[in-house]
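Heads up, the next two complexes both have chain A, just with different partners, chain B and then chain C.
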Partner chain A sequence: MTGWRLSGAELTRWLEDLLRGGTRVIAPVDEDGRRVFKAVDDPARVCLASGKTRWSPKEFVFPKTEALFSYAVQADGVTLRAASVDAAEQVLFGVRPCDAAGLARLDATFLGGEIDPLYARRRDLTTVVSLGCAEAEPECFCTAVGGSPGGEEGSDLQLLPAGEGWLVRPLTPKGERLAASLSTWAAKASDEEWEQARASVRRVEESIRHSAVAREWASILEASFDSPVWEALGRRCLGCSICTYVCPSCSCFDVNDNGTASCGERCRSWDSCTFALFTRQASGHNPRPTQASRYRQRVLHKFAYYPQRYEGRFMCVGCGRCVAMCPVGMDIQEAVRMAVEAPRGSGDAGR
Partner chain B sequence: MPEHGDAAAVAQPAVGAREWQPVIAAVLCHWCTYAGADMAGTTRRVYPATVRPLRVPCTGRIDPLLIVKAFESGADGVLVSGCHPGDCHYVQGNMVARRRFTALRALMEFVGLDPRRLHFAWVSASEGVKWSQVVAEATAAVREAGPFQGWGTLGEPRRPAVRLPEVPAPPRGAPRIEDQQAVAAHLQRLAATLLDEGQVSVVIGYAAGSLDGQMVPTFVERSEDASKLAWSDRCVNNLAVYLPAFRRQEAKVALVVKKCDARAVVGLLQEAQVSRKRVVLIGVSCPGVADNKGTLALKCYACDGEVPSLCDWTVTPAGAQQGAHPSGAARAVTDDPRDAQVTYLASLPPEDRRAYWQAQFAECLRCYGCRAVCPMCYCAVCVAEQNRPQWVPTTIDAKGNLTWNVTRAIHLAGRCGGCDECARVCPADVRLDLLNHRVAMEVEQRFGYRTGEDPSVAPPLDTFRPDDPQEFIR
Partner chain C sequence: MPGVDGERNPFQPNLVRIASAHDETPDVQTLQLEFLDPEVARQFRWEPGQFAEYSVFGVGESVLTLANSPTRAQHVECTLRAVGKVTRAIGALSVGQVLGFRGPYGNWFPVEQWRERNLVFVGGGIGMAALRAPLQFVLDKRADYGEILVLNGARSIADLVYKDEMNEWQAVDGVRVVRTVDPGGEAEGWDGEVGLIPNVFERLGLAPDGRVVIVCGPPVMMHYMYLALEKTGFGPDQVVTTLESKMKCGLGLCGRCNIGRSFVCREGPVYTWAQVRALPEDS
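== the complex of A and B ==
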């Protein structure tokens, strides 16, 4: 087993080296009582303690708002200028395995078919260092959707807690490049150390007591389309977008011109299937007219449509943020179970 | 993100300009000031060419958003002018507007707008001379304040050394668990009775959520489900948010309310969003609820938690009684910590205040959680969803976030009951409660009005008194 063992001080040294080398390091920091991902210039600000950030680091590859191109209307015609990604090489450091997996799910959306050039560029420039969890939070359910507190999906480099220090190993060529400097000074980790670290990951796994969501449920869920269960669930949903914006795998956006008739930018900004405006058409017709139909869309997209399209993986990584942060405590797992157990509708109604 | 505001295009400096000239958006009533400005022209009065007049039928028509948009679009200043009180073509439009301006002015200053940029005046059709003076004065003030860079070009927010006053220890200890269980049992029995007797078709209350200790809203329609109803200091939601959905239904609804929630019900009654006959209010004597960290929520410090007189039922650990019955044993209350925090922020120099709010708004995700949980945000189509034209920018950046947050707060002026649900659910911890509180303080101070107390009076910004203070209006 390759990889190194780092003490806290050595981890700081590694981060200092990266920062000195001009790499943009984005890591969890505690700021005014909340943990958020921020670009840091001082390793002392990085917080790798238990717990997760308020929202996932997806904004660093899929910004909340970004320009697609700019336009200027002049006497001699219209000038269009493609937006360029001015991002530097960046390291997302200390990303929880669920969030790293979330980035992989976004990859499927943005790169799986037609390639989104802006996303692709940012993703190319990004190296993900995932951070295994030393304990689970009450809302965590990664193990129920195929993940693990020591999961590797989406990470280029894995960091696992080991006593007072850390074990680190590259998982991809990108990760190897990032860890290159370690081989010159860091201590090699032994197989026993890795085994111990994995054993503690297993203990965390066992502490997450949620039964698995089955992939086979995708078609059952789809058949629940007309079930009254959605009305009962959707009644409570207030139609904000906290669940989708804090979600590591939600990828919807809205395209909007930001400017005047003479000049401006075409931008895309995060958008959410939970908003009434999301599907409202220019005619005024809304194919998802009720909050229940919008909530259903969110659940079915994650647990029925996406798995059918992308190799059975869910568009949910079990971080549990939507459960913890929903203003009215909607629980997506509970919704899935209720829909699966509910009596079926005819199932043939169009989406 | 570069700025492409409307007025930015208008604000191109003239080639070879000698000195910087501010651009002032002047929102003028058609009947008085617009004619007064005409009068200034026909009588050859000379005044600075800094104003861009926007004609509206009446100052009463001026949505605060027009003023916000002017700044967002790059104006250095805004001048609002209409008929003198008593002269309004529509009798009272300007006097209603005056109240609105009072609240807006307070809010804009609170978020750090330099007060030299926002001007109000009464100029009649015959006051060409006054118009030229008003423009000259406003221009001098805006020029002194310099080019406006507050909106849209905020960049990476500077974190000011703003330290909000420490919140003192809660005035009372944690509520007793056995009391909470007793309340839950009484609620269950009462709900079952109301449903069985057909008095209501649904009871909206709280039930245990899927996380430990979490309480979530629940709809109980059958008496056998009444046992779901629960009560604890984690019953944070303001369930009044669900009432407007029943607006067009015949069904009678029973709603479990705390004192703070009842204020919103009062607001909904005032605005005819709910019929009193169709709602049965179950008031729970509230020992205070927990905030996200588990300590007493700020809104509870100054609240005695008594069941308000509006309620049809009173539930206490001792039982459920018909009617509103204050326990009389008023619980310990202290000063509202939000007062101290607002006062502190208001005492800072505008620059620091602006930096504070910039940093706050920079984190806003525009999830509209604040809107969703707000019982008073019941509009079928929110202004943020008006996209022809796009009133509130959809871009999740400094410009869009500031416009949204200011618009939300001003739309709640004189309406917000202070339940602080918006601040509770905000993923970015934006202190929306302080924005609302600042406006509420202004409304109380100026108009002697406290929100959420008497459903029979008009909301303060829907009405006026001829002698409302207007010292800020030229």
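== the complex of A and C ==
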């Protein structure tokens, strides 16, 4: 097993080296009582203690709003200018394994079919350093959807907690480039140390007591479309959409013009399937006219439709933010389970 | 600064100029569009049934069918009802003004499979726009197809689209055009049918044998049309429709046009009735 052992001070030194080399480092910082991802210039601000950030780091590869191109309309014609991606090489540092897996889900969406050049450009410039979890939070359920507190998916370089320090190991060529300087001064980690770190990951896994969501449920869920369970769930949903905004894998967006008739930008912005306007047509017809039909869409997209398109993987990484932040306490896992267990009814959630 | 310049940006439209505008009804018009860049014009290809994103800068984009057949490729045509933010803005433009246009997107009508068959086009309201391209296509290759019946309806006489063209089509050998208006939408001298499209379809008493029905209309019409088709013995494989959902990207990315596993912009917009029946009722 390759990799190195770093003390807290050595980790700081490594970050200092990266910053001195001009790398943009985005890491969790505690700010106004909340942990958020931010570009840092001082390694002392980086907070790698237990717990996750309020938002996933997806906005650093898929911004909340970004220009697709700009336009200028003048008497002699219209000029369009391609968008510039305002990203430098960036390191997403200290990303929880669930969030790193969330980036892999976004990759499938934005790079798996029609390649989205803006996303592709940002993703190319991004190196992901994942951070294994020393403990789980009550809402965490990564193990129920195929993840792990020591998961490697979506990660270029893995950090695992080891006593007072860290073990670090590159997983991809990008990760190797980022770790290149470590080979000159950091202490090699032993197989035994890796085994210990893995054992503590397993202990965290065991502390997550949510039972697994089975891949085979995708077709059962698809068949639950007409179940009355959706009507019952939909009655609770406020349609506030916070679940989609905090979600590391939600990727729906709106396209809108920001400017005047003479100049401006065409932008895309995060959008949400839980809003009525998401699908309402100009005629007034709405294919998903009720909150029940919209809530059902969100759950089925993640657990029925996406898995059938992308090799059985869920469009959910079990970070639990949607559960923790829902103002009416809705739990997506519970919804999945209820729909799977519900008798196939002839309810009418859709219309 | 690194940019996406030089790479194909699928969101950035081509520019088209309105070459002509024809009023179909008080709020529907058909525009002929020409590409500003002759090279783009030369390379542009589409199939009957595909759609595009049309935009007014500063207002936004709207998805509309390509309303003319590639056999009549002097222009790109679109027929639109000024009912939403973007379509109202497009409707307010004058000849010579410039629009954004990107496409074509989606699949198309299986016109090759229809050879030798008798075809029934059933269009309700602005839904007729989505049938104009395949209809023009089969008319331009008249010898390859059997009898053609066009059943077109609208709320009132004033709301009927393609009035002049219907007369031209009617004059073609082996083509029959039936026009209908909803009860109350008729006026003195109206020589067409009066009745809802599904009812008129039933009254026509068409034998299903060897026919293909191509149908597009508002959701309520489609609901009753499927019932009428069932009642008259048409099978789900001989009926084709196009689901013109709300879309933003046209690329299978923005996430709003999916019906179950199917993204209308990618797997559609053209579906057989059999395929529609296999989808959840989310359209």
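The criterion applied here is as follows: the second predicted complex is superposed on the first by the 344 of 351 C-alpha atoms of A that agree within 3 Å, B and C clash if a C-alpha of one lies under 4 Å from a C-alpha of the other, contacts with A are read in each partner's own complex, and residues count from 1 in each chain.
To be clear about the criterion, a contact is a pair of C-beta atoms (placed from the backbone, for glycine too) under 8 Å apart; a residue touches a chain by one contact, two chains touch by 3 or more.
Keep in mind the model is a prediction, meaning the values are calculated, not measured.
Bringing the complexes onto one copy of chain A puts chain B beside chain C with no clash. Of the two partner chains placed by the overlay, only chain B lies in contact with A:Val323; chain C stays clear of it. Of the two partner chains placed by the overlay, only chain B lies in contact with A:Pro138; chain C stays clear of it. Using the contact criterion defined above for the overlaid structures, shared-chain residue A:Trp55 touches chain B, although it does not reach chain C.
Rounded to the nearest 10, the superposed model shows the Cα centres of chain B and chain C diverging by 80 degrees about the centre of chain A. Looking at the shared chain after the overlay, A:Ser241 reaches chain B, while chain C stays out of its contact range. In the superposed pair of complexes, A:Asp254 makes contact with chain B and with chain C alike. By the document's definition of touching, of the two partners only chain B reaches A:Ser269; chain C does not. Once the two complexes are laid over each other on the shared chain, residue contacts for A:Lys64 go to chain B alone; chain C is not touched. Distance between chain B and chain C in the overlay is 5 Å (nearest C-alpha pair, rounded to whole angstrom). Counting contacts as defined above, chain A residues 254, 256, 259-260, 262, 264, 271 meet chain B in one complex and chain C in the other. Residue ranges on chain A touching chain C, taken from their complex, read 68-69, 71, 73, 77-78, 80, 82-88, 109-110, 113-114, 116-118, 121, 125, 222, 225-226, 251-257, 259-262, 264, 266, 268, 271, 273, 278-283, 285, 287-288, 293, 297, 300-301, 304-305, 308-309, 350-351. Within the complex formed with chain A, the chain C residues making contact are 1-5, 7-13, 15, 36, 55-62, 83-85, 87, 98, 100, 218-219, 245-246, 248-249, 251-256, 258-261, 266, 280-283. Those residues of chain B that touch chain A in the complex are listed here as 1-2, 4-6, 9, 209-212, 214-219, 237, 241, 293, 363, 365-369, 371-373, 385, 387, 390, 393-397, 400, 421, 424-425, 427-429. Listing the residues of chain A that touch chain B in their complex gives 32-34, 36, 54-55, 64-65, 67, 70, 138-139, 235-236, 238-242, 244-246, 254, 256, 258-260, 262-265, 267, 269-272, 275-277, 323-325, 327-331, 333-334.
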